[in-house]
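A, B, C and D label the chains in the order they appear, each numbered from 1.
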Amino acid sequence: MNIDPRESLISAATHFYQKGWMVGTAGNLSARLPDNSFWITASGRPKGELTEQDFVRVDIDGQVLEKPNPDFRPSAETSIHQVIYQSFPEAKACYHVHSIEANLVSNFTEGNGLLLPSLEMLKGLGIWQENPSVEMPLFVNHLEVKKIANEISDRFLESPPKIPALLIRNHGVTVWANSPESAYNYIELVEYIFRYMMAARQVSF
Amino acid sequence: MNIDPRESLISAATHFYQKGWMVGTAGNLSARLPDNSFWITASGRPKGELTEQDFVRVDIDGQVLEKPNPDFRPSAETSIHQVIYQSFPEAKACYHVHSIEANLVSNFTEGNGLLLPSLEMLKGLGIWQENPSVEMPLFVNHLEVKKIANEISDRFLESPPKIPALLIRNHGVTVWANSPESAYNYIELVEYIFRYMMAARQVSF
Amino acid sequence: MNIDPRESLISAATHFYQKGWMVGTAGNLSARLPDNSFWITASGRPKGELTEQDFVRVDIDGQVLEKPNPDFRPSAETSIHQVIYQSFPEAKACYHVHSIEANLVSNFTEGNGLLLPSLEMLKGLGIWQENPSVEMPLFVNHLEVKKIANEISDRFLESPPKIPALLIRNHGVTVWANSPESAYNYIELVEYIFRYMMAARQVSF
Amino acid sequence: MNIDPRESLISAATHFYQKGWMVGTAGNLSARLPDNSFWITASGRPKGELTEQDFVRVDIDGQVLEKPNPDFRPSAETSIHQVIYQSFPEAKACYHVHSIEANLVSNFTEGNGLLLPSLEMLKGLGIWQENPSVEMPLFVNHLEVKKIANEISDRFLESPPKIPALLIRNHGVTVWANSPESAYNYIELVEYIFRYMMAARQVSF
């Protein structure tokens, strides 16, 4: 049994980078281990060419447990991964990317939830209804990341999201899943939906 | 003589996935064998990395005949492939993909046919006219796939389509052809036409 | 000295196909030999996977001289390549591709010339001026290709074009150059300009 | 210690070419050596397939010191690289590319600075503020490149830019950094911001 998920994270990052969703070192990916610690991308590393040295292992409270490269720090947004793993015990992977489309659709509403279009693709996020009406939770982008993390934690405790994804305004999307493979699919699905929303608005739908 | 078309289906799926037309496991491809059974992609498999294990062979009535991987089920949309093979005896391949553009143009009309622009590319779909006026049949997306399949079967019996392609609203395009190579070309041609229609509307044509 | 330019044509076709400019077997590329005959892509071959068998060698009057594969015919648009080589003795390569953008910008005017934006990129097409005002010749798309070819020949005899490129409405762009390498660059430059024109109109410039 | 940065420049050019930012031989990349001379791409070479022969080494005043291929001249825009290295002693690399988006956003204002949107991505360019308001310096595109270079030099002496990037109207973006790796990231970041600005305008933001 392979308990080191870094290979999956590297492969996902390469793909997301090529798609333009992790340019200029943006974004961060993590995967949780059986002991409840998680590997997360180190801060400031180019996502198109990660190696196993470009990760840091932290515990659920954010304490660094293992650093293959002593110069690297965990992602500046580690606290968001912590609250995801704390809020969702079944979550084994948490992926955050910064697409242009995610940034723009996050401004389609001033509220705290983004209504998604009624697409077949929602089935892939667990929504099996005819003409479903689903919102993606939307959060304010504070300069202090811990403040964002706390707002996520608080809101999800009160009202759990219907889909495993959240948006931070002007700051990209975060998904979580019970495996790296599913987290990869969720990123593809939400980015597809964001591109659809942008294209729909361009043709005035 | 090679009667196993799975290699062609895998290669087509890889290409369509890279184009963004089969993201998040969406879409399904099939090819018919001389004995009238057909190989179809298994449900929920990632289309960018299919292997021969990711297919199921079913007969024309949808009964499973062969499953290299016992855990896999045939695509949830197998019934649409069945009615295509039943309606068009010459069809040897049937490809269904979910592009953003196909979803959007399916909403350019409320009717049951989408008027295509008069492009040189229509020659590739068998239309050799100056300034041709051709519609692509358009169907409602029911949650129950068999209901969609029945409507396709009924309508095509009454009025056969002029081109080997149909749209399901918000649910992508399906083409059929007398070989996997031609089905691949047809997908490229219809997606080109959809991108053209989207771009034309963006510049207010 | 290598006088067989098919390798260059194959490599260019692969690139143009990947860019989406030669989908569904569309487009055709040729290169002239010292004896004034030229190799041209055979009709209906998939442009993303050409081999040396996928070409036909014809003389300047369009007579077939050599067919590695006896089943193949020269491109249906060979007559356009003939008039280019007849009109421009220095032309050694002639490339024709079908991008979505070329089709759309060909409708930006009802006249017989498309005014190009004043871009730095025009230098690559031989225009060295500050704020240049250059038109690309634009022709009607007749179903009979010879009719298009004749109109090109007639107009260029009367008024030679300022740049080595012409548009056929709804039917893509054709460039010619004194080497396959330069023809490749010209295709890239004109397609860049078309994409620019489309994007400019989308933001209402 | 490796003091020859051409490998980094080749790899960056290949990537930028594939993104469509260096098509048709456009753009130029350079890196400064410890002796204050710099390697710069030769004029007119295809940027998708550079080799070490496709560079020229010049001193800070633009005099040619080394030409692996005697037929090649330094980029026509070498004078811009000179003023960047003269103005910023810490700059070790200077990259100039010609994207469609850079050209278009350069026309979003008639002034001499382009206001950038308040994106998370600005952190990568050294701006750590909540809702930052930052301008990218914008220059007129003169046919004589030295005139552009002089205007850059003069303006930066008076008012140093807040970010390591400048735009020339209709003529692409230039960035500089203390390493080729950082220059590569800066190009990615500014191009991301330009694409964002274009997309935002398309949805009327």
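The rule we apply is simple: contacts are C-beta pairs under 8 Å (C-beta built on N, C-alpha and C of every residue); 3 or more make two chains touch, one makes a residue touch a chain.
Here the structure is a predicted model, which means the values were calculated and not measured.
Peer 1: Interface overlap for subunit C and subunit D, more than half of numbers shared or less than half: same or different?
Peer 2: Different residues, largely: of all residue numbers at this interface, under half are found in both copies.
Peer 1: Approximately how many whole Å separate the CA-defined centres of subunit B and subunit C?
Peer 2: Each chain reduced to its C-alpha mean, subunit B and subunit C end up 32 Å apart.
Peer 1: Between subunit A and subunit C, what distance separates the C-alpha centroids? Give it in angstrom.
Peer 2: From the centre of subunit A to the centre of subunit C is 45 Å.
Peer 1: Out of subunit A, which residues touch more than one other chain, so two or more?
Peer 2: 202
Peer 1: If every chain is a node and every touching pair an edge, decide which shape results: line, ring, star, complete or other.
Peer 2: It is a ring, because the chains touch in a row that closes back on itself.
Peer 1: For subunit D, which residues count as touching subunit A in their complex?
Peer 2: Residues 118-121, 124, 128-130, 181, 185-186, 188-189, 191-192, 195-196, 199-200, 202-203, 205.
Peer 1: What does subunit D use to touch subunit C in their complex?
Peer 2: Within the complex, subunit D contacts subunit C at residues 20, 23-26, 46, 98, 100-101, 103-104, 107, 141-143, 170-172, 198, 201-202.
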